[in-house]
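Note that chain A is present in both complexes that follow, paired respectively with chain B and with chain C.
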Partner chain A sequence: MTLILEAVVFGVLTGGVYALMASGLTLIFGVMRIINVGHGALVILGAYLSFALLRSAHIDPFVSLIITMPAMFALGVVLQLVFIRPLKEDREALSVLVTYALALGIEGLLGFLFSDNLVQLNAWYETASFAVFGFHIAYVYVFGFGLCIAILAGIFLVLYRTTFGSAVRATMLNRTAAQLVGVNVDRVSAIAFGIGVSTAAAGGVIFGMTNAFNPGSHYDLISRLLTIIVLGGLGSLRGAVIAAVGMLIIEDVTAVVISPVWASFAFFLLLVIVLVVRPQGLYGIRVRERI
Partner chain B sequence: MRKPAFLAVTGIVSLGSLTLAACGSNSPVNSGSPQAGTPITIGVSVSLTGDFSGDGKALVQGYDLWATDENAKGGLLGHHVTMKYVDDASSTTQVVTNYQNLITQDKVALVFGPFSSLLTIPASTVTNRFGYAFPEPAGGGPSVFTRGIHSLFFVQPAPVEDNLVSFTQWVLSLPAGQRPATAAYSTEDDPFTQPQVDKAKALLEAGGVRTASYKVYPAETTDFTPLAQQVIAANADVVILGTQEPDAVAFIKAFQQQHYNPKALVETAGPDQGSDFATKVGSANTEGVMVPAGWWSSAKTPFNATFVSEFIAKYGGTPGGIASDAAEAYSVGQVVDQAAKKAGSITNAALIAALHTGTYQTIQGPMAFDSVGRPSGASFLVQWQNGLTVPVYPPSAAVAQPEYPKPAFSG
Partner chain C sequence: MRSPSWIRAAKWAALVLVLAVALLFPAFESDPATVNIAVFTVMYVGLATAWNIMGGYTGYVSLGHAAFFGFGAYAFGLVLAHLGIQAGYEPFLFVPIAGVLTVVLALVIGWIALRTRAATFVIVTIAMMFMVQLLAENLVGLTGGGSGLSFPVPPWTGDFFDTPFYYAMLVMAVVSLLLSWWIRRSKFGLGLLAIRDDEDKALAVGVPAHAYKLTAFVISAGLVGMIGAVYGYYVTYIYPQYAIDPLVGISLVLMVFLGGLGTLWGPVLGAVILEPAQLWLAYNFGASLLYLVFYAAVFLVVILLLPRGIIPSVGDLLKRIAARRAVGPSDTASTSDAHTVAGVPSP
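Right, the complex of A and B next:
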């Protein structure tokens, strides 16, 4: 029983990290209707930026976010202006190609700068832990979860309590209508892309402290993040959070109760069942298009 | 008009026949012996990117060092050696393409093996089809040998599945009062790791050590917390893990987080990566960790001391930081050098025939191969003690007593 409880607790804690990473991805889809398959590479880029600051200036990975999150926000805005905004027609399909090229470019650059050897972010709280319910929880998971909650709460506050948030939600609901009522959708898109990329920096730090990573680690990551936002409903922040936590709990509990081999299968089985019942995902909106 | 048409048809048919003949031929591309004194190229597919990139780069170091030494001695039977490497990105399909290109387009004289059983299996099918000898440093899983390929030679002291035999012999040699009663196993589903763990489990069970937990996990696993939880929950005396370096490190960190300290911990790979492993887990946490090994930097084998000093002169670092992959790659060159001298030829057919007979001296110790290239020796049990890996079993090779029980992780 302790084993299952432990799996649930770690599922929630690591699920929070995936929720943070997936929130940026789903926000970008919601606002721009593009699938950013380069999001995993941006997470890894964020992890490497913190790794570089740790190695060269001995800056704690969490503290380094003060530098890396604004830097990644600026990078996101530039990427949106240069690569995404010029896509006027067939955005969804073309965006996959463009962001995939972006991912390959980031992977190549990181490989050139840091080599392909696996690295990990280290800090005292990585292995230090405290006892609870008969097992130990490492501080890194608690700090990481706390950071995720804080950032996600910040995103929700911006979306639901500010004028800019109203513009973002209006754009997510109907881009053309938002434009007609005076929303500068290009500006909203650039800022939303920047926010999405800066959350990747935060997610990257926690991912890099709990996993060894190299420039190629983004392939596995993006496949998991895409699965999460499909289950949660494309464009739904709330759905991404619930799907991420649910995915990690199911995987961890299956791994300890049945076998690690069946962990991913159990989650994908749930995904298929949900999509059969609700093709739009848990919190997605069914869209009718006139043809 | 008729005559040109007839000629054209005849030409096309002839060309087609020649192409078909070339495609259908299984004859060696490079069956002849290079002229005396001419330089030769040896081709290798290595993993410079992807999962095996760390090991791949170490192989390049070992091969390059051997080529430098060989050329300094006048070359391989008088032929100056140039190494040609192509990156396979740790991919089972790319490695096949690479060896096909090396043989048919680059027309290399010889080929050496890549990293891992996973890549050696498809690669050896190609090299065998072209009649090339395939001495290889890192593909020793059981499935490498079950295909009966006569041209393959695994240049390590023991087949991979026997790697943990020394560990099991040491466990079962302990006095009854100290002997562990239970063991927990967790292994990646990889042809390198799982056969070792399965054999160790069978031997320990036969010796009376009860299995408290046994789990196999997919190679693409990134979250090791649930796996570590199961091992910890089993509360076994000894823990046996079928790992590569990333999971070896992740397990140790998870054990630290949970304040779990088994009496003995052995991992199939990871602790053999020298200073890289020590940096990742923290030097203090290496103490007492065990790993099977065919080579270690202080081994008293012929030429090993020279290899170590040359390696440090060329690449820097310390003896403890030399990855065993580099030593294994170097041994491939040593074996080929001796086989060429014995055969008096560097043709692939002559090398294959020579390698199936006799014993070859390497920095890993003496080596001999059966009809499918399986080595006949045994591997050793190595343990981290005071920041260095030292052989602790069998007693004939040991330079220190095994530390048992293992000291607690530093936390």
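Right, the complex of A and C next:
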């Protein structure tokens, strides 16, 4: 019973990180109607940036976010301008290919710079832990969870309490109509992509402290993140957060009750079940869209 | 409107020439390294053509076809092991069984995945691919898990080793092309194109969209599974992460986009251009993962500069030139008109 409780607690804590990463992905989808297959690679890139800062300048991984998040924001804006904006017809399919190519490019570049040996971000709070309900939790999980909640709260505040947020939500609802009422959708798209990519940096730091990673880790990550945003309903931030926490709890509980090797499988199986019952995901609306 | 007779004659001549070169290739070229590249190139011709039946004709982009490729290989290996088939030419006769088993898997996956459309469909196919990969890793008793599955070792040696596989891949590529050609001309194919253009309108005029999509998906997957089976026998040892490789799934999609989505010969052209290039990059820069950077660069250039693919772009250009010649260079109005009615499918 303690084991299951432990699994649930860890599911919630790691679920928070996945919620952050997935919300960046679903925000990008919502605003631009594109699937950013490179999101996992950008998370790994964020982790490596912090890794480089830690190794060369001994900057604490969490503190390094002050540098990496703005840098990744800028990178996101540039990527959107150079690679996403030129796509005119058949955006959805082509954007998948373009972002896939970006993922491969990032993977190759990281492999070239850092080799494909597994590394991990180290800090004192990664090894130190405290006891609760009869098991130990490393501080990093709690700090990471807190950071994710803070950033997510920030994103929600911006989206629901600012003029820019209204412009973003208007673009998500109807791009053409938003344009008609004077929203600069190109600017909104670039900034939204930047925000999405900078959340990947934050997610990457926590992911890099709680997992060993190498340049190829993005495949596993992106398959999970995509599954989460489909489950939550594409473009729904609320859905992404709930799906992330739910999925991670189920995965961790499966690891304890059945076996760790089947944990990821449970993750995907849940997707299948939800699709059979509710193809639009938890919070998705049934869209009659053309590819 | 039928093309002028000399164009049709030229097309037939080109077709015969391509077939003759493909058939006689191993007779002229005996360097095993080159024949090896040819085997993989012809393999991708088949894979890209098969993918195009679903992705090109219906517009449903599947990034998970690597699952069927790997599943075909595993199914074939297990069938050979359980039936105790000896190495030699005999295993090739059992390739269709791998195809049938892949069709069964594709029915299940397709039934679920095709409940969704557009972006969601893409993501679901990716998730399905990782599910199949996890199964290959986890069902250790059946698949050997991470330590892999072995095939009977082909008895051929030296320069001849690649030749039977080359012809097996060629047969699969020709079968895929014939099917693709036949579907493109059939009522079924028209239905698929209608689904691509507007699925709701297609439904409204009575196209049984769901059955059609599932059929196209299953045909495409079955062909890919059979090609995977030949691949497994060729490499004689398969592992989950190499047999079900996301890179294979994305490569064949890129080939189709480069050549021309939804065209008959586009996938062939794309595969013939990209696969040797990819192998060359992997051979020269493979050690450092840097080849991925080059590959990504090629990828981005193709998509950003030629989003419609080579064949539609060149076809447009030729039609424009022909129209200009027919009406004279000053008559710009009818030139642009001829451009819009050109029978080239838009992506």
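By definition in this document, the second predicted complex is superposed on the first by the 287 of 291 C-alpha atoms of A that agree within 3 Å, B and C clash if a C-alpha of one lies under 4 Å from a C-alpha of the other, contacts with A are read in each partner's own complex, and residues count from 1 in each chain.
Here is the rule we go by: a contact is a pair of C-beta atoms (placed from the backbone, for glycine too) under 8 Å apart; a residue touches a chain by one contact, two chains touch by 3 or more.
On a predicted model such as this, the values are computed, not experimentally measured, just so you know.
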* **Which of chain B and chain C A:L94 touches, first, second, both or neither** => second
* Asked: Who does A:N214 touch here: chain B (first), chain C (second), both, or neither?
  -> first
* Please indicate which partner A:E251 is in contact with in the superposed arrangement: first for chain B, second for chain C, both, or neither. => first
* Touching A:L104, do we find chain B (first), chain C (second), both, or neither? -> second
* Structure fact -> The answer to whether chain B or chain C touches more of chain A is C
* Asked: Which holds for A:S166: it touches chain B only (first), chain C only (second), both, or neither?
  -> neither
* To do: Examine A:R33 and indicate which partner it touches, taking first as chain B and second as chain C; both and neither are also allowed.
  => second
* Asked: Regarding the shared-chain residue A:Q179, is it in contact with chain B (first), chain C (second), both, or neither?
  -> neither
* To do: Could you look at A:P279 and tell me whether it touches chain B, chain C, both or neither (first, second, both, neither)?
  => second
* Taking the contacts chain A makes with chain B in one complex and with chain C in the other, which residues are shared? -> 111, 116, 220, 261, 264
* **Complex interface listing, chain C residues touching chain A** => 59-61, 63, 112-113, 115-124, 126-128, 130-131, 134-135, 137-138, 196, 198-200, 246-247, 250, 253-254, 257, 288-297, 299-300, 303-304, 307-308, 346-347
* Can you name the residues of chain B that touch chain A in the complex? -> 48-51, 53-54, 57, 189, 215-218, 220-223, 225-227, 229-230, 233, 245-246, 249-250, 253, 256-259, 276, 280, 411
* Across the complex, what residues on chain A touch chain B? -> 2-3, 6-7, 10, 14, 111, 115-118, 120, 126-129, 135-138, 210-212, 214, 216, 220, 248, 251-252, 255-256, 259-261, 263-264
* Complex contact set, residues of chain A against chain C -> 29, 33, 35, 83, 86-90, 92-94, 96-98, 100-102, 104-105, 107-112, 116, 215, 219-220, 222-223, 226-227, 229-230, 234, 261-262, 264-265, 268-269, 271-272, 275-276, 279, 281, 287-291
